[in-house]
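Everything below concerns the one structure shown next.
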Amino acid sequence: MIKKFFSNTLFIKLSIGFATLIFLFAGYFISKLLFDLSVFSEFIFNFFLERFSYNLAYLASSIIGALGIISFVGLVLLIGSWVERRVIARFQIRVGPNRVGPFGLLQPLADAIKLMQKEVLVPDIADKLLFLIPPVAIFLPAILAWGPIPWGPNMSYLDINVGILYVFAVSSLTVPIIFFAGWSSMNHYALLGSMRTVAMMVSYEIPVSLSLLSVALVTGTLNFNEIVMWQSNNSIWLGLFIPFALFTFFFASTAEINRTPNDIAEAESEIVAGYHIEYSGMKAGLFMAVELGNAVLLGALISSLFLNGWFLFGIENLVPPYIIFITKTVFIYLLLIWLRATFPRFRLDQLMNFAWKTLIPASIIHFFVVAIEVSIISNFSEIPYLIVLFTVINISLVVLLAYLWGKIFHVQQYQPEKIQPRFAASIGGLEAMKEVSSID
Amino acid sequence: MATEDTYELNIGPQHPSTHGVFRIKVAMNGETIEDLDMIVGYLHRSMEKLSEERTFTQNIPFTDRADYLAAMSNNLGYCLAIEKIADVIPPQRATVLRVIFAELQRIASHAMANGTLVSDAGAWQTPLMYMFREREKILDLFEMTCGARLTTNYMRIGGVAFEPPDEFYAQLNSLLGELPDRVDEYMEMLSENEIFIARTKNVGIITPEDAINASLSGPALRGSGVPWDLRKAEPYCGYEDYDFEIPVGNIGDSYDRFMVRLFEVKESVKIIKQALNILPKGMHKTQIPLALRPEPDQVYFRTEGPRGELGYFVITDGGPAPYRMHIRAPSFINLSLLKKLATGSSLPDAVVTLGSIDIVVGEIDR
Amino acid sequence: MIEVNIYNAAFLLFSMITLLSAIGVAVINSLMRSLFLLIISFIGVASLFVLLSADFIAIAQLLIYAGSISILLLFAVMLTPEVSINNQNSKYFLFAALTGILFTYIMFLFISIFDINQLTGLSLDKLNFSNTIDKIGTLLLGKYIIAFELASILLLFALIGAISIVRSNESDFNIVATKIKGKK
Amino acid sequence: MTLNTLQLPGQELKNIIDSHFPAIISNFSLDWVEIPIDKYLEIITWMKENPEIDAAQLSNITGVDMIDTFEIHLHLQSLDLKKMYSIKVILDRENPVIPSLCSLYIGANLQEREIFDLLGINFDGHPDLRRIFLWEGFAGHPLRKDFLQMDDANPGLPRFPFEEAGKQER
C-alpha cells in the first residue's frame, strides 16, 4: 500500500511541486542575500586594509577580483561548450552529449582530460618558441577584455573612462598572436588561415569601431557603466535607438571572433583547421576554448552596450542584477549558436567585399546620421519624446534600407523561381536542350 | 608543378572535403589555384582483375564495394549485364523490386551528396544531419530486407536475393509520404539561403559542350542543362512504363547540380509509388545454374546510377568467370573536368565544385 | 633612495619587460621572433603609460602600436623574401653600438636636468584616472585645432602619395577615372 | 543476346563507314565493328564531326588482353541522335601503341591513363600519360593475363614508393 502510494504519479507530481516551492523560497532568500555583491568586495578590501598597507590591500583585492573573473570565464568555458553541443544537437535532431554525468554535464571535463592526455606534437620545422607561446598568449586578450564589463551596479572590475577603447585595444592583440600561431607552424594551411585572419580582422575592426563610435557619440562617454546608466535614464535601449550599429557590431564581431557564418580562418572544409592545424591535445583545446569564451564575451558586450546591461523593466529590483546581465549574455550566445547551426560560410572575398563596399560606407553614413540626431537632441532638449521619435525613424530607416539593398543588389540576380531547375521535354543532347519546359 | 610564384598544397589524402582518400596536389598563388594534379589510387583494390578469378555470382559483392554509397544501383547494373549476356530473364516481381530498391538507393545517395556539399560550403553539419535522417530510414529498409545497410549484396543474377518482409511496405509508404515534404524543407532551408546561393551560384560552371565532350553523366551532365538520362534514353527494368520527369539545370554551376539532385529525389519518390502500385505477385528470383557459363560474347550494359552512367563491360569466354570485366565508373570519369574547373578558382570554390560533382573514392579507384 | 612600494615594483617590472624585449629585438637573429618581442615591448610601454595615469595614451599605444603597426611590420617582413630568413644587423654592429652609446648619453643628459625625486615616491593611491579623454578631445578640437587639422591633411597627402607611388602604371589610373566618369 | 536499345547494329555502322572509307572494315559482329589501327584516329575524328553519326561523347574506352593481341573497345554515343556505336581496335601484343583520343575528347584523358596503367598500352599523343591507380615504378601491368608469370612483378610484396622491406622512411 505504502509502496504503491510512493510510486504513484500523483505523489511524484506533488513532491515536484513542493520541491519547486522550496526552491523558489530558497532562491528568493538567497537572491536577497546576494543581491549586491559589492558588499563582498568592500569587505575584502577593508579586511586587507585593516591588516596591511593600502598598496597590499589594493593588490590583494585586485588579484581576488581577477580570480573571480577568471573563474567565471572558466566556468563559462566548461558550461558553454556543453550548452553549445547540446543546443546544436537539438538543431541537428540529435541528442548530444548525455553519458558523462547528469545530462552529460561532465562531458567538457572529460574532453579536457582527454585532450590533456594527448601527446603534444611540435612539428620538426616549426619555430619552436613562437609555436609554444600563442596557445597561452591567446588567453590574455580573451580574459583581459572581461575587465570593464559591468555586471551590475558597482560591479565592474575596471571602472575606467576608456572602457570601450580598452576592450577594442585589448582584443586587437589577438591578431598578431593568431598570426604567430599560424606562421610558426610552418604549414601552408596554417599560414593561409592566419593570413585570412589578419585580413579579415583588420577589415572588420573598422565597422566595429565605427559602430562603437556612434554608441560613444550618443551616450557621450566611453565608460560601460555610464553607457548602461544612460540607457536606463533615457529609458531606451541603444539597440533600438541605433539598430544599425547593433547589427554592424554583431556581424563584424562574428568575423572578429571567428564564428559562423564568418569562420573562414579555420574553415574546416577548406583549410582543415586554419591557424591551429598543427596544434594537438590541450593546445588545440585552448584555441577552441578561447573561441568559445570570445563568443560569450561578445554576448556580454552587446548586452551592456546595446541591451541596457543589468536593467530589465524593473525586474532588476527583484532578482540580482547580475543574473539579468548573464541572462542577456546567454541569450546573445544562444543567438550565435543558432547562427552556427544554420548558416553556411561566406567566402573570403565575399566577406571582404561586404566589409569594404557595404558595411564601412554604410557605417560612416550611419555615423553622420547619428551625429545629426544627437546634435538635434542636445539642442532641442525641451521637446519631449525626441529620442522615441528618432528611434522609430532609425528602425524604419534600417528596415527600408535593408529592403532596398536586397532589392537593388541581390534579389534581382537570384530570384528563386529563375534559378530552379526545369524539366526536360525530351531526352537528348544539345539539340534537346533548346526545348526544355519551365518548371511551375 | 610549383613555380616561383606558387606554393604547393596537398589537399588530401586526409582532408575533410575530399570525401575519402583522394588527393589533389595544388599549386596555389595566394588563395588562387594555378595548377593541380589529381592523385588517386589509395583505395585501388584491383576489382577488375579479381573478378576474373571469381564466378559471376561471386562478383556481386565487389560491385557493392565499388560505389559504397550506391550499392544497390551497382548490384543492379552488374546483374543486368550478366543477365543480358547469359540470356537470363528475371521474373516481373523481381524487376519491380529492383526498381524500388535502386530508386531508394538513389534517394539515399543524393541525400548524402547534397548534405556533404552543404558541409563543404561551410554549414556546421546541420543540413547533413537532416539529410542523413532520410538516408537512415532508407538504410533501415535495406537492413530489414537483406540484413546489410551499406554493402547490401541484394540483387542476384535472375532476381533479388530476398523477399522484403511485410512491415517493409508500411515503413516504405510512410517514408514516401514524408519525403516530398522533406525535400520542400530543404528547398526552404537551402535553395533560398542567401549565403548558400552566394557560395554555389556561378561556382564551377560546366558548359553543356564541355560536359558532353568530357564524358560527364548523371547530375553533373544534367546540371549543365543536357537532358540525358539513361532511364529514359535507354530504358531498362521497364523504366519506360513509369511516369517521371528529368530535371535539368540552367547554367551548370554547383547550385544547379545541387538542385537537380533535390528534384531527382522527388521524381524517385514518384517512381517508387508507381512501382508499389504495379508490384505483381510471384517469384522474386529465377533458378539459374550454380556455375553460370554464358556463351563467348561481349556486352556493354549501362544503367543510370546516382552518380551517372554506370556501365559494365563484360567479355565471356565460355567459362564460369568473366574473361574481362570493366566498370565504367561515373565518379572517375566525372573528374575529367576537375582540372579545368579548379584552375583559376579560389580554394573554397574548388572545394564546393568538387563536392557538387559528388565523387565516391571507392568507385574512382575500384 | 627609491621607496619600496607596489607602484615602484610595477614600474620596475614593466620597464624591465620593455627594455629586455627591446634589447631582444636588436639582438635576436630570427626576424619573426624579434617582431614578437617588439610587440611585447610595445605592451610594456603601454603599461608604463598606465602607471603615469595616462589611460588614453596607454590605450592608444596598445591599439596603434601593438595592434596595428605590428601587423604592418608583419606584412613588411612577409613581403621581403631576402631578409625574412635572418636579421642581418651584425654588419652594422659598430655603427649601431656608437649610435646606442650616443643616444644613452643624450638621454642621461636630459634626465639629469629634471628632478629625479619628482618621478619617484608615487604610489597607487595617488593614481588619478580623471577623465583625460575629455581634456584631450577639448584641446585637440579647441586650442590645437590648427595643428590637428594640419596633421590630418599631412596624413591625407601621405596616403595619396603612397597610392600614386604604388600605382606605377598610369593607364590603370586612367581606367579608374574613365569608369568613374562613365558612371556619372 | 539482343542489342541495347541505343546500339547501332554493327552492320549498319559498317555500311555508313564503308560509304566514306571504302573497304577498310575487316570484321564486324552484331554490335561492334573493327577498324584498323592506322586509320583509327581519322575514323574517330570523322565519326565525331560527321552529323550523320555525331559521336559527341566518348562513353567508355577500355582495353582487353586477348593473349595474342590487345583489343581496345570504344563506346561512342550521340546524345542527339540517341545512338551508341561500339568500335574495336586490335593492337600488337609486343608493342601496343595506339593514337590518343585526348585531342578529341577531354573525357579520354583519365580513361586512357587507366588503360596505360593497368594494361600497359601506350597512347600516342596523350598529354599526361602516367600511372594513375598504381604508383610509379610498379612492375608490370596487372590486367594483363600473364601478370602473375612476369619475372619482375612481385604483386604480393609491399612495394610502396619509399618503402623497402622492413623499413619505412618519410
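Lettered A, B, C and D in written order, each chain numbered from 1.
We adopt the following convention: a contact is a pair of C-beta atoms (placed from the backbone, for glycine too) under 8 Å apart; a residue touches a chain by one contact, two chains touch by 3 or more.
All values reported here derive from a predicted model rather than from experimental measurement.
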- Note on the structure: A correct list of chains touching both subunit A and subunit B reads D
- Contact-richer chain pair [A-C vs B-D]: B-D
- Relative to subunit A, largest Cα-centroid distance belongs to chain D
- Note on the structure: Distance between the CA centroids of subunit B and subunit C (whole Å) is 61
- Task: Let me have the rounded angstrom distance from the C-alpha centre of subunit A over to the C-alpha centre of subunit C, please.
- Result: 31
- Query: If you average the Cα atoms of subunit C and of subunit D to get two centres, how far apart are those centres in Å?
  - Reply: 69
- Per the C-alpha centroid definition, the whole-Å distance linking subunit B and subunit D comes out as 24
- Task: Send over the residues of subunit D in touch with two or more other chains.
- Result: 56-57, 79, 82
- Note on the structure: Residues of subunit C that touch at least two other chains are none
- Note on the structure: Where subunit B touches two or more other chains at once, the residues are 212, 226, 228, 233
- Those chain pairs meeting the touch criterion are A-B, A-C, A-D, B-D
- Query: Quick one: in the complex, what on subunit B touches subunit D?
  - Reply: 40-41, 44, 46, 48-49, 84-85, 87, 210, 212-216, 226, 228, 233-235, 295, 297-302, 309, 311, 313, 315, 323-324, 326, 328, 332-333, 335-337, 340, 365-366
- Message: Residue numbers of subunit D touching subunit B in their complex, please.
- Response: 1-2, 4-6, 31-32, 56-60, 62, 64-65, 73, 75, 79, 82, 84, 86, 105-111, 114, 118, 132-135, 142-143, 147
- Item | subunit C contact footprint on subunit A (complex, rising order) | 54-56, 58-59, 127, 129-130, 133, 160-162, 165-166, 168-170, 172-173, 175-176, 179-180, 183-184, 198, 202, 222
- Inside the complex, what are the residues of subunit C that reach subunit A? 5-7, 30, 32-33, 36, 39, 43, 55-56, 59-60, 62-63, 66-68, 70-71, 74, 123-125, 129, 131-133
- Item | Sites on subunit B touched by subunit A in the complex | 7-9, 15-17, 28, 31, 118-126, 129-130, 133, 189, 191-199, 201, 208-209, 212, 225-229, 232-233, 245-250, 255-256, 259-260, 263, 346-349, 351
